[in-house]
Each structure stands twice: as structure tokens, then as C-alpha cells.
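In the two assemblies presented below, chain A is common to both, partnered first by chain B and then by chain C.
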Partner chain A sequence: MTMTKKLLTSAVASALMVGAAQAEITDNTVKIGYLADMSGTYRDLAGPNGLAALEMAIKDFGGKVNGAKIEVVSADDRNSPDAASSTVRRWVENDNVDMVAGLVASSVSIAVSKILEENDKLGIVSGSAASSITNEHCTPNHIHYVYDTYPLANGTASAVVKEGGQSWYLLTADYAFGHALEGDVTRVVEENGGEVIGKVRHPFPTQDFSSFILQAQASGADVVGLANAGADTTNAINTASEFGVTQSGQTLAALLLFLTDVHALGAETAQGIQLTTGWYWDMNDETREWSDRFMEETGVRPTMVHAGIYSSTLQYLNAVAATGSDNAQAVREQMMDTPINDMFAKNGRIREDGRMVHDMYLAEVKTPAESSSDWDLYKILRTIPADQAYRPLSESKCDLVNN
Partner chain B sequence: MNQPIKSTDIHQSILDDQKSQDRRKMMINGVLLLVLLAAPLAIYPVFLMKILCFSLFAVAFNLLFGFTGLLSFGHAAFLAAGGYTTGYLLSNYSGLGTEMGIIAGTLVATGLGLAFALLSIRRQGIYFAMVTLALAQLVFFFFVQSEFTGGEDGMHGIPRGELFGLVSLEDNLNMYYFVLAVFIACYLLVQRVVGSPFGQVLKAIKQNEPRAVSLGYNVDRYKILAFVLSAALAGLAGSMKSVVFQLASLNDAHWHMSGEVILMTLVGGMGTLLGPVVGATFVVNVEYQLSQGPLRDWVDPILGAIFVLTVLAFRSGIVGEIQKFMRRNLS
Partner chain C sequence: MSMIFGVPLAVLSGQLLIGVINGAFYALLSLGLAVIFGLLKIINFAHGAMYMLGALVTVVLFDALGINYWVALFLVPIIVGAFGMLIEYFLLRRIAGQDHIYSLLLTFGVALIIQGVLTNIYGVSGLRYTMPDIFKGGVNLGFMFLPYYRAWVIVAALLVCFGTWFIIEKTKLGSYLRAGTEDSQLMQGFGINVPLLISLTYGFGVMLAAFAGVLAAPIYSVTPVMGSSILIVVFAVVVIGGMGSIGGAIITGILMGVVEGLTKTFYPPASSAVIFLVMVVVLMFRPTGLFGKEA
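Up next, the complex of A and B:
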């Protein structure tokens, strides 16, 4: 009798322990890997300051989650999917990394998400632009947090048309990314009653934009849309400024432009450009308060990517605390169930395809007269509601979405 | 006092010398082989495979640059052509064995190499380098524009599949020994080529091309053959790399990659067999170690400084300098 009792209790106890082991923080450590471009083109928009944002989030959370310690490792991806995938493979296979944050170049994010899916770990993409990350390349193991090209094209184009920019001239980078943007912008402009009266494709990358800008100027269009990114966009803006495009009454609409880019260009050069952003530091008291702290740490104002890294890390740690587990699926589910309300987003939510949808903003770069300081660069023209900004699930090609 | 020296003695001593040298080489190679076989026990296999793929790429490049004296600035094109071809075939035709995918990638790179060689071999020196660079840029733009490569996003999720339908390559260790076997086979092939009469002609072309012409060799034909061989091995490196990492990206086609392989070869020691392998190991390691540590903002400047230092102070690279040192002090 006692024997059977003992056996029973031990069986129950071991069953309970197995149950507990599944909802447990493995090796009593939550390990976060921060992977981003630390030395190349995308250094400013995420880079070492993104790591600072991540560490701020951990500090604000208290440095421990349910008694387990939080560790951070970081590496430079050199914008190379090879380098990124060998680093991340080692992280998840040997070093027990639970979550990978940062992730900037789209090719890097896609490569990393495949490895995370293989090993069932979680990735939170904050820096990448490609909307394919949660479309044809979606996995149950990553979340795309800050922005993607869909709202950039959708938001900027529809908002600018509504602001009165009826005729468009497009400057497109001649490769897949540019073509996709061009297609999206054309569709949105026409849907909203505008018209694309001309376009020119420039090689990728291009240094000298004068002939393209002159064509755009001669077209007489209300809006010159820049369907390109990175150095191409800043080069085009510099040239446009030299030729006085905005001063002569045309609007310059950039599709992918970061606060750090605008800061580098300066208000004098960039004034009047309209763009879409997921977040701006000078929107309200909450954002200002966080940005001041960020500036104390790093000496610069945060981009939307920095803010997104901070916010997503806090969300992640909250989910780990709530589920008491660092299991990727449990945490992701918890994150999907929890609406995001912090300084980064209001009523943001993570959809089943991994896309975090939240309000986006149409901004215009201030003139030097309006700008009171180095970083006082945007005025927010209008809010693009979350449900209009992002690609609707009904158009999704993601396998996780039941269509 | 003056003893006559018999020519047979000299001959004998040269032979002995060569024998002892051969023995030393065999020993070095044997030790290296053991190290490579045991390496995955201590070091992460994917990282080792990366080193092996880049070593093969550098060995291929060195065959052209170090032994024939032709500086190609377009080798990234072959690496990428091999990688994309293999990746495309393995992703879209699941019936195809991994080995067939790799062979197909190598063949495409070989064909591309032939086309490059026929066009570029007509010029010499810097003009040759510029022609290869221009052709490689054409190939780069083709890959940027093509839909099947995924453009900027790259090609992802290439299945590793099975070797001869028997051995699963999903397992990192199996994959490692496969890559190692291919690498050793290629290394021995290059060793054989360099030591053969054909290789002697290549060296002759490097040292004094007009002399080789005057001796009656059809120099252009030799150059083309060396170029095609080098392109084929570079393509093979790219094909294996795409299987190892399960992705192929534009980085492989970018001219930075052509520059990186020059750096690897120079740092390791051009014109030596082991040099490119040591150089590739060194560069991949430096990049990895720096990218993890506090110096990660400085990877490119540091690599640049190493490059300048090598060119200014250690012209013959790591292996070349060691060989010189041994010749001075140990023989």
C-alpha cells in the first residue's frame, strides 16, 4: 500500500516536473543576441546605438526575468547573409541564444529567420524594410516590428495625393526592390485619383543624379517620388536641392528615409521632403522623455529603429515573464495576445504572419527657419491608421495565414 | 687539394635534397590532414566549412594569379555563378542529388570562365584586370536584375539534400567531411597541375612571357586553360558554399569579393600552394573575431592596414615568409 502510494506520488511528481520543464527558462538564462550592421552603410540607423537601446530595455525591465538572468551577446553582420548565418547558427546551436534582435539588411533578416525556424528560436526584425519578410518569407519564428515597404509606399503615396499632389514623376532604382516600390506607388496614386505622368529608372547604385532630376523637373509633375533607398535617396535629395526642386514648387516624396539620413543632409538640403515614418522622437512627452534618456547614453536622437528595438525587447521580456518560459512558440503567442501600448506604439498588435501593425505617420522635413535645433527635423502632417498602413492579411502570401 | 667533383655526386646530392624536402612536405601535409579530420571536435563545423570554401576559392584564384601571373579582378562572378546555379537547381528540382547540383554549378562557372578568358586574355597587366572587372560587373548586374536570384534579398532555403541519395547532408558533420573531401581533391589537383609540365609552362609565362613565346609555346592557349581551370574551381567553391549556408546572395557577386580573395592570397603568400589556404583561414578568422568583439567598428580599416602592411613589408605573405625563414636558418 505504502509502496504503491510512494510510486504514485513519485509518478505524479515526475509528471509535474516534466510539465514544469516545458514551461521553463532553459538553463535559467534568457540570452539575447543582437545582430546588426555595426560598421557599414546601415550603422547609423541601428548599429551600436541599437545595442544601447536594447540594454536600456533590459535595465528598465530590472535586469532579471522571473529570477533568471538576462545576457546579451552581439555581433556585426557586415551586411552579409553568410557572416550573419554562421554567427546565428553558432549562437543558437552552441551558445543557447533564445532571441535574436536587431536585424537590418533584408537579405540578412531572411537568412537568419530560416535558421531560427530550423532551431525553433525567436527573431525580432527591427531594421529591415522588405515587406516580403512577413509575406512570402514568413516563418512562425520571427516578428517584423517597426515598418516595411508596404506602408512606405502606401502611406506616403496616398497621403501625398490627399494633400493635393495629383501628378507624379517617379525616380526608380533599377532592381527588384525599386520595381516593387514603383509598382506599389503607381497603384496607390491611381487608386486615389492621382496620375503618374512619367518615370525614369536609374542604375543601382548611382552617384550622379543630375540628368534624372532635370528630367523630373522638366516633367512639371506636382510630386517627384523617390522609389529608391539608402545612398541613392540621399544622393538624389542632394542633387534635387542643388537644382532647387522643392523651392520651385514641386514636392519631393522619399519612400525610405531615416532620421539619421535627414540629420546628415541637414534641414537646408532636405527641407520640404515628405516621408513616412513609424515613430518620431518629438511626438509627445512620452517619446521625448525616452529620447532624452537615449541621447544621454549615446549622444544622438533615436531613429524609429532604435525605439523599436527598445520597445520590442521590453515586449519580449514581458512575454517571457508572463509565460515563465523562453520557448519561442509560447513567447510569440503571448506577444501576439498582448496589445502594444508604450512610447513606441499605441494599440499595436502582432498578426499571425508576424507583422506588428501600428499607426504610421506622414512627416515633412522642416525648413531651417522652423527647425529650432539640429534634431528638430520633422513635422507630423497626418497619422496613417494601422489598418490602412499595412498589407491586409487578405492579400498575404504567407503560409501561416488561412486564406 | 683540388678534388675533382663528379657530376654524379652533384646529381645525387640534389636528389637527396629533393627527397628530404618531399619528406618534409609529406609530413606537413599529413599533420594538416589529421588536424582537419579532428577539427570539428573542437571548432564549430559550419565555421570550418566556411574556411574551407574560401580556401578553395583562394586556391583557385592563386592558380591564376600566383602561378600564371594573371591578376583577375572578376573572380566573384564565378563564385556567384556556381552558387546561384546550384541553389536554383536544388531549390526547384527536388529529384536532383546534391552532387549533381554542385557539378552543374561548377560547369556553368567553367563556361563563364571560358567566355571571360576568350575576351580578356587579349590584354595584359592592368588592362586585363580591368576587363575582368568590367565583365564581372556585367554578371553582377545580371544577378541584380534576374528574378530567380531574389535580387537584393538573395536566394534562401536551399535544401542540402543527400549525397548520392544515401548520406544526409543536413547533419553538419556529414556536410563537413564531404566539403573536406572535395577540398582535398581540388588541392591535390592544383598541386598536380602546378608540378606538371603544363604548370612549368605557366610559371615560365609568369616569369618571362616573351621568352615562353620565343620557345614556341602558344601562350594564349595556356593562359585560357589556366583561367578556365581557375574559374571552374572558384565555381565549385561557390556551389559548395551555397549548399553549406543554404543561401546565395549578391555579396558573392560583388567586386568586394574579388578584392577579398586577392587579400587572402596576398596575406597567405601568393605562388605557394598552402598560402591561399592559410590566408583564407586568417582573413575569415580575423573578420569573425573582430565582428564579435569591441573592435567591430574597425573591421575594414584593420583588414586594410593588414593588406598595406603585407604589401609593404611581407611581400611573400605568411607562408612565403616562413619558407624564406626556414631556408635561411634551417638548411
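Up next, the complex of A and C:
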């Protein structure tokens, strides 16, 4: 019995060693493609500064992995799944790109992950929000790193309901991300005893929200929930304040706000808004130290997406170094086996559905009196532990999860 | 409460008013386009960029020099209009008399360059602009809360629209303009400086866009990309009204604002498409537009 066991073990071990010996970095180059909205609505939250974060990671790693050189290509996806698909197809089929980073609009990430699966390359999604990316749209070829709509709803929506916001009216961006967020918020509101009494799906992007704000006011709901992002959210908040939404007793809940959005609104307009974030630059010495370096490069403070791009790129390169391979499956497995402990996350881990789970934070925008500088914008109200923040695997619809 | 198609009458009245307000913006922008096309036969794809410049310059002037809203309302259109005249003098003049497609491509290229350069400088998250104190707050009309500023937008936009229509259609200066573009050689023979007239006309069309931009600054996120999405809508408005028809552009602008507002109430997902649907239908039955003259 022990004999057979030993034999088996050594057989497995030697098979693994053969595998490891065969593993190699193809054409002696690790090529990373950075794909993001570089010029449109979502530019500032990732965009060119995300590329800067990626390059910081490569530089900090030493510029080479196991002697192989690291190359970066980048492209603007223009928030179009079609444009993104043709770029990524060219990258993986002709240009030997091993990993695609960035990935912002959820519709883009879903389209790109299908192409990566066909070609067995890896994608690390840092900017997208839709929780469906690691649920019904999961593939063995991508990882979703920074946050998703599930913790956004868990953090902000449950906090607002508990403070007495029982009835909700939702303004939803009419595409994959908005739909995912709307679904997650509705679930959380109902679980906490509240009710969604109305919603409107607005085109993406929308400049004038007055018509939708008027409908939200007429609904008489306690809470006007904004299930949108970027300029749509800032425009909606501005219009809401112009039409006196909060003065008339309704609460405004922005479900996805990035630091760059709050910075654009300013503490005066945005004060008191609660939001859920995966990271904030001013949390501890480690985050501040990295943010200072980032600010030297770019002139702005990093969003959680910028920090996530840096962290995930380092994780990726470490995994390539450890396995000595740029094979997508080998690297992904190695990344899943390695807990994430850096300036971005503590005890983060990547699950089999590709979701990176880590602590999330419920924050509130400071008042102008509390804010000591342009970027001093959040106070962290509480930590949402990783195991409570994200969709549990037991509820997963992902094929990679054995339920 | 009385209902119309499941929508309370009060909500509907509010939406109609909002539609008129947005329509006032469309009217102002399409008017500038119609002036430029009607008099110069230039398809000005830089119009959205000029609208954006109006808003952006307003914010930048306030931040850098503390120039307030009222001064900006006059100063910014002049600055941006002068910039437009430079574009006309150095670029558009060189392709005068060529096919429309040349002016379309040239102005489109100029717009992309302006937008790209400013995006690199200012980002896209939006610049902050505080509303003048006098406009803070609003009045409760019973069926809706009307912010004072939106009421001001209607008044200002309609005054400027009417003034423009009056100058072009009813004054001597307007008749020079129309004649100068109809038969420039004859006008030159009368001793009128036609090239200057053309520069001024283009500059004036741009001023209208910039004026709309100043009006937009306190209520919309001011970003370098704010003009690109509105441009296509405004072009559709001009096509529906009839290319080059001054009065048509104004009336159609307001009409389309209302149509869009109602769509936002009854079937929001179609609200970004409804104007183009109207355009298709109008072109099928009246190829010259609602107010266009038969070619």
C-alpha cells in the first residue's frame, strides 16, 4: 500500500518536473497588452495613468523576468467591444501578446475574455465592475482583480438601507455593467427589507439627467440610487443637486464612484456621499508611499484601478518567474496558489472562478472643513471583510466552480 | 391625479418643460450650424468642439483670472469666435469652392485635434464650475421644481436665437450676407469685402456655439469630450429642419428637445435614437427637411 502510494507520488512528481522542464517563456519575451479607454468617459479612472502604473510595476520588478525581456503594447478600446475584440485578436494571434491588462468597460472585458479563452491567453481585468465577469461570463483565462458590483451593492446599498432608506429608485446605465449593478443592488435592498419601487435605464453616455432626475423625484422614493459610472454619475449628481433632490428629503446613493469622480465634483458638492471602494491612497504608510511615487509620475493621486493594475502586474510577473513559463494556465494556477500581500491588498486570494477577493471599504466623502487638500477626500467608515464582500462560491453560476 | 398613458399629468408637464430647456440648447447649436451652412456651404464638424471650448474657456478663465459668469457670457464667445475666424482664415479658405466633403473632413480633423490636445491637458473627469449665486435654488411650480438657472437658459437662448434670425432675415447687414454668398463677384463689384464677410459669418456661427457652451458650464460636467456626442444630434436637428434654414433650425431644435424629453419618460432606452428616427422619417417624405426650400 505504502509502496504504491510512494510510487504514485514519485510518478506524479516526475511528471510535474517534466512539465516544468517543458514550460518556458515563448520567444524569450513576456508581452503585455494594455487595453483601456484612453480618450473617453472612463479615461481618468484607468487610461494613460493605468499604463504608467503598469510600467511602474515592470520597472519595480526589474525589467526582466528569468532573463526574458518584458514588452508592453497598448491601445485605446474606445469603450467599444468590437474595436477591443479586433485589437486583442491581432495581439494574441499575430503579435504574441501573453497577457492583456487594464480592461475597463464591462462589455469590453466580456468580449475580450472570449477571445482570450479561444487562444488560451490570460486577461487581468482591473477596471470593470460587472460581477457577471466571474459569474455567468467566467472563463479559465481571466482574473477579475479590483472590485465588482457585488461588494459595491453590499457596502453602499446595505449601509443606506440600514440608515432608513427603505424605498429606492434606480438610474441605471443601459449596458452590461449597469444591469449587473442594478441586479446586485436590488438583491441587497430586498434582503435588508427595503424595496426598489422604480427604475429607469438611461443611454450610455447621457449628458442631461434632468428628465431622469425629475422622474426619480416624482417617484417619491427615499433613495435615488445611481447605478452608473464616470461622467454619467458626476452629471447625475450635479443635476440632482441643482434640482434640489437632497433638500426635498431624498437621499442620493452613488453606487460606483472613483476618486477621480469625487475629485472632479469637489468636497463641496460630494460631501457626505457614501461609497464602496477596494482601495484608497491615504489608508496607511504603504499606500501613501506608493501613491507619492505614482503622483510623481502622473501628477494625480491613483484610483483603486491604478493601484490594482500595479499590484496585479507584479503578481503576474512573480507567477511567470516562479513557473518559468508564460503559459496562461500555468501562470493562472500559480497566481491562485499565491496569497496577495502588498500595498493593494492583505490576504487577497484568487478563487477558481477568477475572482480576486480581498477586503473592501465603506467610505464617506469628507466635508470641505475636514478635507485638508484637493485629494484628501475619503474617510473610511468600516472594512467589509473579504469573505462577506464578494459573491460566495455557493451562489456561483460559473462553470469552473463545482456546485 | 390624472394620468396619460400611465404617466401622471404633473410629471408629463415637467418633462415637457425640461424638453423645451434642452431644446433651447439644440436650437442655439443648430442655429450656428445652419448659419454656417446656409451662408457659407461649409459643413462644420468642429461645431461640437467650439461648444466645448465655450464651456472650457469659461472655467479656465474663472480659475486663472477670476472672470465671472456675466463677463464670460460676452467675453468667451468673442475669444472662441476669434479662434474660429483664424481657422477660417488659415484653413477653410484654402478649400473654398471645393466639394462639401472637404470642409466636413477638415473641420472634423480640427475638432479631433482640439479635443485630443485638451483631453491630454485636462482629462475627462470634468472641471468644476460653480453656479453664480443669483441662480442658486429654484421655484416650485407645483408640477416640478424649476431651478432658476434652467429658466435663465430658456430666456437667454431664445433671445439670442431670435436676434440672430432677425439680423439675417430682416436687416440690411443680413441681406449683404445672403447676397455675398449667393454671388460674391457681384458683391465685390459693389465694393463689399466678401472674404471679410465670410470670416465674420463663420466667426459668428462659432460664437453661437461658444455661447451655448458658456450656458452649459454651470450645469454639465465640463470636459474636452462634451461636444462630440451632442454634435451628431445637432446635425440631425439641422437636417430635420432643412439644411440652411435659419428659422427651421430654431423651431426644430426646440421640437426635438421635447420629442427627446417625452421619449425619456415613456421609453428611455430609445431616447438617444429617437431624433435619428424622426430624421429618417422626415427625409423619406421631405428630403429637403421640414422648413427647407425645394432644391
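Keep this in mind: the second predicted complex is superposed on the first by the 299 of 403 C-alpha atoms of A that agree within 3 Å, B and C clash if a C-alpha of one lies under 4 Å from a C-alpha of the other, contacts with A are read in each partner's own complex, and residues count from 1 in each chain.
Criterion: contacts are C-beta pairs under 8 Å (C-beta built on N, C-alpha and C of every residue); 3 or more make two chains touch, one makes a residue touch a chain.
None of the values given here were measured: they were computed from a predicted structure.
**Q** Could you look at A:26 and tell me whether it touches chain B, chain C, both or neither (first, second, both, neither)?
**A** neither
**Q** Which partner chains sit in contact with A:298 here, chain B, chain C, both or neither? Use first/second/both/neither.
**A** Touch status of A:298: no partner.
**Q** Taking the superposition on A as described, I'd like to know which of chain B and chain C A:192 touches: first, second, both or neither.
**A** Touch status of A:192: no partner.
**Q** Based on the superposed arrangement, let me know which partner A:114 touches: chain B (first), chain C (second), both, or neither?
**A** first
**Q** Once the structures are superposed on A, label A:175 by its partner contacts, choosing first (chain B), second (chain C), both or neither.
**A** first
**Q** Which holds for A:210: it touches chain B only (first), chain C only (second), both, or neither?
**A** The answer is second: A:210 touches chain C but not chain B.
**Q** Looking at the overlay, does A:66 come into contact with chain B only (first), chain C only (second), both, or neither?
**A** After superposing on A, A:66 lies clear of both chain B and chain C.
**Q** In the overlaid three-chain picture, which partner chain does A:39 touch, first (chain B) or second (chain C), both, or neither?
**A** It touches chain B and chain C both.
**Q** Just to be sure I follow: which residues of chain A are touched by chain B in one complex and then by chain C in the other one?
**A** 39, 43, 174, 203
**Q** Quick one: which bits of chain A touch chain B in the complex? Just the residue numbers, please.
**A** Interface residues on the chain A side: 38-39, 43, 48, 73-83, 85-87, 89-90, 93-94, 106-107, 110-111, 114, 130, 132, 137, 174-177, 203-204.
**Q** Where on chain B is chain A touching in the complex?
**A** 44, 46-47, 50, 141, 144-145, 147, 150-154, 156-157, 241, 245-247, 249-252, 287-288, 290-292, 296-300
**Q** Can you list the residues on chain A that touch chain C in the complex?
**A** For chain A paired with chain C, touching residues are 39-41, 43-45, 174, 200-203, 205-208, 210-212, 214-215, 217-218, 230-231, 234-235, 238-239, 242-244, 248, 260-261, 263-266, 269, 300.
**Q** For a test of understanding, state which residues of chain C touch chain A in their complex under the given definition.
**A** Touch list, chain C to chain A: 8, 10-11, 14-15, 18-19, 21-22, 116, 119, 123-128, 131, 137-138, 144-145, 147, 149-150, 219-221, 223, 225-226, 229-230, 261, 264-265, 268-269, 271-272.
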